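My questions will all concern the structure given below.
Letters A, B, C and D name the chains as they come in the text, with residue numbers starting at 1 for each one.
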């Protein structure tokens, strides 16, 4: 059984490393999109799947990371990697401040509160022209070069080069989340999700843990956003709009909220479905709506959840 | 200066009354069924498009369109409740929110598919055309009509809920579903009816807007957030709160537009967050 | 036989609350479920009402199988329900609480009308414009009983009628239950107050750990020291 | 009923909690010694559950004070009471349903060892946690089920697990709210044995709320009878059994 898991991860790693070999800009670009959404959804799911809090304002942190990274690249001499990290740290700090307020509420009130704060970020991005460029957004963000010890400045102009950077950062981000959710801290978060009252009776200061999860989740979401600024060379306020917050929600539900790899698998499916539907019709939102309906009504565990509950036991029986 | 203030106030009030019509249905449905319907803005949009079609495409009279569109919206709402939302009453609220969110996506594309992505509008009905001067500036008669209609709808709702047996049944079932069932109320059917009625209200809001507000596929996304802000500020499930919350948000938007354009958008969300933090029961709710 | 329950088993989640409970109530009787807290009395009544449907077993009302019916249909078939925690509609006035029940029962041609209920429960008469949430506990209890009567039930389920009432009010309650009985309403009640039950009920089932342990007349039970100590006293 | 442990394990002074006109708890003065297993009984509406909620911190009193190990805890939040050694179980089963049985136990262990904030180590890395989890699972008789998610356990096993969770927080005192509710006889005797063994080994002091008199009289060293929010009687089981007032309230004395 363990072997099966390793085969999966190894195959995924090899495939991911090989994508630039296709030489197709389209595939590389799509792969970057998938990776960014995967990381965004992983960050989101730290809060939703692991802590039990549905945020409808995570686009705010994604955008905060993107704007901050963009501004650092445009206005400071910081290198590419430092700017991306800086963007993520800014989003994390913002998350700590906003989270301080949001974790005072739970359930639907939490969802509404995150929605309000997320839209505040949007409003600020839209209206604070002198810093954010208003509705045009930041334009002309340089991608810069990557400083590597021993190698010096590595040019990132080629899309494939930037792809490997995104892949490395995403892998690192996912690695961090993996360690965190399997740590005592992660166990406590799951306990809070399962039964808040019981967790308090296990000696857990519930609110403080929720805040920590919120900040970390914002940091990861910001990291995902920060990678987009140098990719697109521009950031517009729409990345902060609440409808953007729906993307990680959909990806997570598609893949499975109570599984570790669910959001990543979901991010891949998200773009595959979108590509597939777009070839048939321009109305891909309709397709997503129907998929979401089916997921909520019948498959709340998502694809990975379904695999773990039904397919894996079947495979296990077959091969043992 | 004072004239400007008053004129913007009137603009704000007419904004507010549209908001109130959306928020009223949202609030009623949440108050009785306990479901926060993310797709309520889409029902508002659907009301606008259906009435627009009745007027522009079928060539019906504006008032006939106003009657027909919302009725079809009510039907759509009824189907939504009967076949989908009913199945998630017993599960986590997060999934209720997500289920209704699915309908935003579906309605958004359906509308684009049927009516196309471009902006639409319909002519102001003859009797309400033109403008009358207010402090020397022309103010559309239709907006005055809307300003007058909002409180009337509020009064009607109050009467329906407080004074009719249907309203009493709703209040009883909202407070205690089990005991309502135990005296013979068919609660599932009642809930479908309430959902339809709430949807109808949203549809009326949309239909009323077609002469003066652009009808576009993006309107659902904007309206639902404003309606959420209104509902939260008034206290989720509180109709009286939603009425005054609408006025507050309408005025904030109208004055913000003129006096503090930098914060115009943000102010509504700041208000919403502040209420959720300080008075989650809303301005008019009792804890 | 107005009510017959045949080995019903009811669960709350994984918790097995009723174990093969069977009981029968004849027309015109007052039957009591006795037992300490938490033995399954309330769950038995809720199971009959369809509020917590049993996972197995059958329930017959006047020889008609009502197991699996939704509660509003059970109510319309002639079962009135007075919960232990009263649960009057807080937002409605006393009169509205009563009228509402009358409208939905589908049995408006029965003997109970607003006037008659207010005659039986005179304390409610002067309170009739007051909202349910502003009544005292005892007043709410009376209203809850009145509300159930307004559905013109053939069978009245009364959960813990004497709980939390002052001795004086309990004495009044004895009279009320006797009057209801004279109006040919059959009553199945749950109570843990043996002395009160003895004044109003003919027979009793004693429950313990979710199962019927003993059945008999109240006088017989009252006289049996061993049973009283084992199931009712401490 | 002589207790050798802390003489002032838990003490309440004039504890009061009203809900509107309902006087759920109406001036309770109680002191409990370490090592004495106490049962709190009383007819419906006597205020037992409110009383336990006040002790555990789920509710705060309107008036009165609570002391635990000599320290005032009247308004202390739940998790800090737990850290000081005051645990509880619930009337309705209350576990972490999707987590495995051993994770259910590990969570309070980590939390009370103060290592739960470690976010860079695997849960399984600590030998001590592992050892203590095994020990508690063995006590609760759940070793075989350690790797199953809690939600698929039988009702009785879930209740045992709940006691296990409470034990993992190393409590000096555990409040048990109807530990045997909804159990079949075999499950009942297992949980009673667990409570009796732990109590005898002086690992922890139990206070239980229970309706089942078999349970009360087979376990309790002291019985407190609540009635209408007040303590009506208090004493050894044999004293309580003979108390005429207690017998009266259970059978409905006021109406005779």
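Note that contacts are C-beta pairs under 8 Å (C-beta built on N, C-alpha and C of every residue); 3 or more make two chains touch, one makes a residue touch a chain.
Predicted model only: the values in this text are computed from it and were never measured.
Novice: Quick one: which chains contact subunit B and subunit D both?
Specialist: A, C
Novice: If you average the CA coordinates per chain, which chain's centre is most distant from that of subunit B?
Specialist: Result for the farthest chain: D.
Novice: Distance between subunit A and subunit D based on Cα centroids, please, to the nearest Å.
Specialist: That pair's centroid distance is 43 Å.
Novice: Can you compute the centre-to-centre distance for subunit A and subunit B, using the mean CA position of each chain? Integer Å is fine.
Specialist: One centre to the other, that is 33 Å.
Novice: Could you please state the distance in Å, as a whole number, between where the Cα atoms of subunit A are centred and where those of subunit C are centred?
Specialist: Distance between chain centres: 55 Å.
Novice: Draw the chains as points, connect those that touch, then say whether the picture is a line, ring, star, complete or other.
Specialist: Shape = ring; chains linked end to end, path closes on itself.
Novice: What's the complete list of touching chain pairs for this entry?
Specialist: By the stated definition, chains touch in these pairs: A-B, A-D, B-C, C-D.
Novice: Name, in rising order, each residue of subunit D that touches subunit A in their complex.
Specialist: So the residues of subunit D in touch with subunit A come to 56, 58, 77-79, 82-83, 87-88, 90, 94-99, 103, 106-108, 110-112, 115-123, 165-166, 168-169.
Novice: Looking at the complex, which residues from subunit C come into contact with subunit D?
Specialist: Where subunit C meets subunit D, its residues are 12-17, 36-39, 84, 136-137, 160, 162-164, 166-167, 170-171, 174, 192-197, 199, 209-210, 228, 230, 232-234.
Novice: Which residues of subunit B touch subunit C once you look at their complex with the stated criterion?
Specialist: 165, 168-169, 171-172, 175-176, 178-188
Novice: Show which residues of subunit C lie in contact with subunit B when the two form their complex.
Specialist: 49, 51, 70-72, 75-76, 81, 83, 87, 89-92, 96-97, 99-101, 103-106, 147-148, 150-151
Novice: Spell out the residues on subunit A that touch subunit D in their complex, using ranges where they run on.
Specialist: 179-180, 182-188, 190-191, 194-195, 197-206, 258
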